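Sharing a structure with you now.
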Amino acid sequence: MNVETPEKPLASWRGKERYDCEQLDCLTIIFKSGGCSWSKCWMCSYRHERYGKTDCAELLSRLRAQLAWVIRENKPEEYRMVKIFTSGSFFDPVEVPPAFLADVATAFRGKLLIAETRPEYVSRETLVSFIEGLDDGSWKTPLYCAIGLETSNDFIREKCINKGFSFSDFTSASSVARSAGAGVKAYLLFKPLFLTEGEAIKDMETTIRDILPYADLVSMNPCTVQRNTELEYYWKRRAFRPPYLWSVLMLLKNAPVHMTCDPLGGGQKRGPHNCGKCDYELVRGIRDYSLNADRELIAALLETECTCKNEWQYVLGNESPYCMPLTR
Amino acid sequence: MTKFDIRKRDGLARTGVFDAGAGPVQTPVATDMEFLFPGLASASFINIPLSAPAKLVEQYPPSITNGPVIIHPQRKNTAESGDCVMAAGWHTAFSNPRNYVDWLVGLKEKTPADTAWYAPAAALPTTVAILCYSGFDLFDYTAVDLKSAQGIFCTPEGEFPANAMESGICTCPGCKTGNLKEHNREALRREIALVARFIRQAQLRDLVESRCRMEANQVAIMRYLDRHDTFTEQAQPIARSGVMRANSAETMQRAEVQRFAERVLSRYVPPPKCDVAVLLPCSARKPYSLSQSHRRFQQAIGGRAHELIVTSPLGLVPRELECVYPAGHYDVPVTGYWDAEECAFISGILARYFARHRYRRIIAHLEGGALLVARQAAEIAGITLEFSCTDDPAGPAALNALDAALAGERRIKDNHLHGMLSYQFGADVDTKGIVSRGRFPELFYSKGTTQFFSIDTGTGLLRPTFDGWALIPEGYRVTIDDFVPEGDVLIPGVTGADPAIRDGDEVLITGKRVLATGRAALPAGEMLRSRRGVAVRVRKIKRL
Amino acid sequence: MTKFDIRKRDGLARTGVFDAGAGPVQTPVATDMEFLFPGLASASFINIPLSAPAKLVEQYPPSITNGPVIIHPQRKNTAESGDCVMAAGWHTAFSNPRNYVDWLVGLKEKTPADTAWYAPAAALPTTVAILCYSGFDLFDYTAVDLKSAQGIFCTPEGEFPANAMESGICTCPGCKTGNLKEHNREALRREIALVARFIRQAQLRDLVESRCRMEANQVAIMRYLDRHDTFTEQAQPIARSGVMRANSAETMQRAEVQRFAERVLSRYVPPPKCDVAVLLPCSARKPYSLSQSHRRFQQAIGGRAHELIVTSPLGLVPRELECVYPAGHYDVPVTGYWDAEECAFISGILARYFARHRYRRIIAHLEGGALLVARQAAEIAGITLEFSCTDDPAGPAALNALDAALAGERRIKDNHLHGMLSYQFGADVDTKGIVSRGRFPELFYSKGTTQFFSIDTGTGLLRPTFDGWALIPEGYRVTIDDFVPEGDVLIPGVTGADPAIRDGDEVLITGKRVLATGRAALPAGEMLRSRRGVAVRVRKIKRL
Amino acid sequence: MNVETPEKPLASWRGKERYDCEQLDCLTIIFKSGGCSWSKCWMCSYRHERYGKTDCAELLSRLRAQLAWVIRENKPEEYRMVKIFTSGSFFDPVEVPPAFLADVATAFRGKLLIAETRPEYVSRETLVSFIEGLDDGSWKTPLYCAIGLETSNDFIREKCINKGFSFSDFTSASSVARSAGAGVKAYLLFKPLFLTEGEAIKDMETTIRDILPYADLVSMNPCTVQRNTELEYYWKRRAFRPPYLWSVLMLLKNAPVHMTCDPLGGGQKRGPHNCGKCDYELVRGIRDYSLNADRELIAALLETECTCKNEWQYVLGNESPYCMPLTR
């Protein structure tokens, strides 16, 4: 287990992403970093993915090695968009040495870049200088700060996610980002801990309305049970059930904007799932919709017949916070 | 204000009447709980799983206005007598029997006894027996309605696809009209009615030992609860009057069986100056003395030895205790085979008994499994047995051998009363001069015209008169305030109670102005942790 | 002529279709037997009790014109295949479980298998499960109508006074109108429908282990039947595809559990040249390999030892057999406590296994009850164990210790097929060159393009192809007459069958004109003692 | 158990008996004899009551000692009727030495005597000489031979009782007795082994009609389970239930002649019984009827209400020879 392998990102893959009515080839990279400074969210296991005790210089050199590996493996002409994740925040100077930002900007100059960060690390100064390095005029908004707002409800974000920032932290960060010429992408978490299916749906509906003024892109993540998380602790004790795919479909269909959604672990026990019979088709449909934004597709999927739909409707109407989850 | 009157107890289970203001409901019951507690319908964002740590519970203590009191394993009790308490999320507890039981015991111990317990979304025809057995009273239709939505047909024996409705397994109005939801609700109500009947018959354990076989988790819950013996024992009545069905391996773990064995070992005092013991097999007929075989044994022994009956699942029953519950009440399948667990349990009891009480001679008038157990016990205790039979202990050869073995031994005094007093009250009473009258087992004990005790033939327990109580130096006293009870003593009047008192025990009520005899209606712990209801059913009152 | 077609077997129980001339009835069934057999109504002076001696039976052989064939323990069989046989007075047999079982076994052994069995006046909601379990098919309303006349309310859980009808325990049409007789008949029919469902699910034993708890005699009957292991085992299918509920002490006595243990000891051959064994705990998930803990164990062992799982109630499961029924199918309540009977049974199996198969090293990677059992076994067998864990066997410390303990041992060849063949067919087959394909547990075994075996994932059994059969030198053959079967092989065509064949076994059909593979639809004994119905469900036919 | 006690009968008591519309004081004696020569009836345990191996002289002296004891204990003026039983037949010369008959006749001269015997021991010679000793003119018929016919059905008597003689043996004996100047009393056994309650009732009804020409007195014994009998063997195995008292009442009520009936063990498990609640009253009523022949009493008793009556009626209608007994 302690075998040294050549430095490379935790993961990196290529795919398609919808942007501005187009489908772009996209390179996604998850850098192994110094680790999330907050590191307390109930559902997050990425926080365990970090270098152990290292000094800043060593961290920088390892990050650079990862970047070099990515550049080596992917020809620049094969992708137009880059999505960057770390175990925490790309713009957190403790987690990602600032010097590395410049490297990244240079490496992906001319690409459309989306980088995930907590709102507290969104500073005008950092973004301006980063965009400077990145922007070659190809894109109106070459950088999006992707923030895991999860919900606009501070109580839920606190109790059910333990996120450690508020909705106003998010709106402030949004202003800062925009003022620096960056866009804002909001990640929403559908059905964190301690919510009934119905509560979670209502929360998403409210949240989507609440964030419209502050977010340019919206992505909704149906909650998945990752290993070694508080969420997993409760899930193993039957205190949590990932959301139904029916619910996901309903939210996507009714949302006032197009939301992307990648149902990780879809159809499996740990991911958003229905009964197991209808899951495969629905997961594929949701992925398609993320790219093609075809509302009719979503509406049609929601009309699909399956024996578990009754169950889902019953759960929507009858699952209460004092007796949940009703199903597995 | 909500109100809860407990009517009949059977271990942790009970029947009662609950009133949340909308009129009384008989419990156990499945009902629309949101009708009883309108606050339930509007509760939101209050979920805290049973497995949540104390810190989270403190930070977000769940509560519902116009709702039941929410209890949680990690939270101090906030309920009062008469409240309805809700173990939110209890339906998830089944998945881990150890947690189920640890949580249950913790919650029961810190919550007032006379609260009505609501287990939301947990009741199914398959689960409601063990839920009532665990001490829950109120249920909703959430779980059965969910099954209906899932197209599942519910029975107490398990769940089946909806088309099972057409196979004749049930003929309720729901089934007649193809209405699955109505059937499932009906099936739940029926099972609750059945459970209530078994509670009233004080035989719910029997039903649970049957029902649990369809779900491994329920077996585990039953077994874990048995292992919480101190807790479980307190809730058991001291006696029941029906048959105790000893029909499964778990019967040996029943609190009442364990209590009997423990009391025989710790409280019971054998007849003084009696140093010869005969180990005898049990009989199907109870009390043993009424069986043909025991009449022969007693004739052969002629009072020249102390008679000890070796039996499964009780272990050892001294002759004096043969009428006492459950010795006079158990019914056990007889196949001649004693399994290793029975042998280990029973030989352990025998060994401890013989280590404690030294006899000069011990004659094993046994065969088969009982003999094996006696040999095992002798080896453990390091004692020597004599053997007086080779095959049928009630056959003429064995009886002659037994008679011969006792040749020369002198007759010892019959002293049933002494033994029973030691067992029931833990008292070593000098019973000299007290004689028994009546026809076995309906006996009275008196000296001259003074009666001291009579026997309750239903339970086999002694009922002391005031003179009887005077012989029992301590224990089994309930102290009351400065008043003269009219009829039964109610819980609010009780100021103290011997912690040894169990539901059904004979007790002496002592107050400044009266002395009274009676029978406890609930265990000492519950007397002190409840607010309403009868504490002691009074038989006789004497003003001081 | 009467006709009886057996549809589904579950031990001695079965569902079927019986026709006495008045049209077919689905069995098991309660019906007006005097309508089916008009002779019953006019039978007089023919009573001969079950306990009557042979002389009396010979002198007054009971029989009824236009009635079923009366069978009696002391009488030679006079019934033929397709007959309805009546065990007159069977309702009296319950009072003595030993007689019940001895008589039953005697009667079953001498009567053709495909006869429909009528137990007059015996069926109540409380008794019909064990009656079906005993192999009875036809019942009347005599016993329930009698209860109605007595004012007794019948349920599968017991009998109650008639006023229980008003308590909501039942909501059938009879109860709605206060018609006790209708309720009682309804209750019997419902219980029969439920029993039929459990037979079809091949889980009647589970239901009986539950139901019997309400009556000591039924427990005794179940236990006595288990003790007739040769008889009982023959009737058990070789595998079922559902869960086997190991929810009571008696599960260990089930014929299928005993058979598994016996075959592991007598038939099973461990991988050749493998002299290191690791004893592992079981997992809740079945087959074990799919559980997280076993994935870790296997990673730590890395193929350097033979893996043996110690488990209750099966005893010992070699890794190769983990998918085979019931190893891949049982569900057991887990409380960590292994009772003395479990310990004795399982350590006995281990000891016999290790006496038979000598390993150079045996590493006990166990804790708790399983560890205790392994130690007991080692003592009995006089062998030495090594220990590789102190607490959680799946914890990192223990896994490291296990890894370390195996340092230097060489990897042995994975040879699941060899082990399975030895268990299923009693054959020690050279499987060299045969490799497995597919995704566990859905595996195929082949060499080059020749497929030999596939695994039935429902039962865990091997399905041989003709090439596979060629590797199995003997046994599990059914010989047929000189014809080419169209579809399944019917009983009249069978001329011989290996007595080892059980319901569900894979068999090779050999005739003069064909060779065929298939699955036995009933045990060898019944094939030879029946006249109608399918003997083997054919999968593939090859003309010779 | 082998303690020698002064010779006295197995039992002897005084009571009332109905005879010819009168209630007579009656002395009943059961002599211990040489034992029944047949000794094979399924339900009879008296056959075990016999002297062991003794010679005829000793037997005679013991019988005389018993008789002396009876005479000593009972003043002649206190009874008018004498009923004599032995373990078998009073007129069986092997069981009761003929010399003893003369003693008995002398001892009870002037009394009305009823002596039990199997039909094969009814010989004109014996009876004539016995009556000679007995008769002092007080009674028109000073002697009645009481014969345990049990039933007029030879098949039942054979299979269910194992009695060893036929109905024609009985009718012949009846003729012999009458020709010798003796009367005939018939003992009937209600519900022997292997009969349903209904079959047993029908058997009694037929029997009563059949014997009218041959019997002067009729006594019906509802079957009782005596120890160490075949009957007890079956009873212990649930294969026999003694008759219902309701059946006894019905038979007494419908009989064309007055039958006496002493329901031995009445109301107990081993004797004729109902449910335990109504038994005591009915047993007493049956005894009263035996003495007072009051048909109205019997009719009234039969109209008594008890919950077990339903059960009895059910048993009458539904107990079949292939499923019996239905109750205990």
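Letters A, B, C and D mark the chains as written, and numbering starts fresh at 1 in each.
Operating definition for what follows: contacts are C-beta pairs under 8 Å (C-beta built on N, C-alpha and C of every residue); 3 or more make two chains touch, one makes a residue touch a chain.
Chains and their UniProt names: A, D = TIGR01210 family protein; B, C = Queuine tRNA-ribosyltransferase.
Computed from a predicted structure; not experimentally measured.
Chemist: What is the distance, in whole Å, between the centres of subunit A (TIGR01210 family protein) and subunit B, each centre taken as the mean of its C-alpha atoms?
Modeler: 57
Chemist: Can you check how far apart subunit B and subunit D (TIGR01210 family protein) are, centre to centre, with Cα atoms defining each centre and the answer in Å?
Modeler: The mean C-alpha positions of subunit B and subunit D (TIGR01210 family protein) differ by 53 Å.
Chemist: Once you find the CA centre of subunit A (TIGR01210 family protein) and the CA centre of subunit D (TIGR01210 family protein), what distance in Å lies between them?
Modeler: Here subunit A (TIGR01210 family protein) and subunit D (TIGR01210 family protein) have centroids separated by 102 Å.
Chemist: Would you pick out the residues of subunit B that each touch at least 2 other chains?
Modeler: In subunit B, no residue touches at least two other chains, as defined above.
Chemist: What are the residue numbers in subunit A (TIGR01210 family protein) that touch two or more other chains?
Modeler: none
Chemist: Looking only at which chains touch which, which shape fits best: line, ring, star, complete or other?
Modeler: line
Chemist: What are all the chain pairs that meet the touch criterion?
Modeler: A-B, B-C, C-D
Chemist: Can you list the subunit D (TIGR01210 family protein) residues touching subunit C in their complex?
Modeler: My answer: residues 155-156, 159, 194-196, 199, 233-234, 237-240, 307-308, 310-311, 313-315, 318, 320-327.
Chemist: For the complex, give me every residue of subunit C touching subunit B.
Modeler: 97-98, 155, 157, 160, 164, 167-173, 176, 186, 189-190, 192-194, 196-198, 206-207, 209-220, 223-224, 227, 245-249, 331-335, 337, 339-345
Chemist: State the interface residues of subunit C toward subunit D (TIGR01210 family protein) in the complex, per the touch definition above.
Modeler: Within the complex, subunit C touches subunit D (TIGR01210 family protein) at residues 40, 43-52, 59-60, 62, 64, 70, 86, 88-92, 95-96, 99, 120-122, 140, 142-143, 145-146, 149-151.
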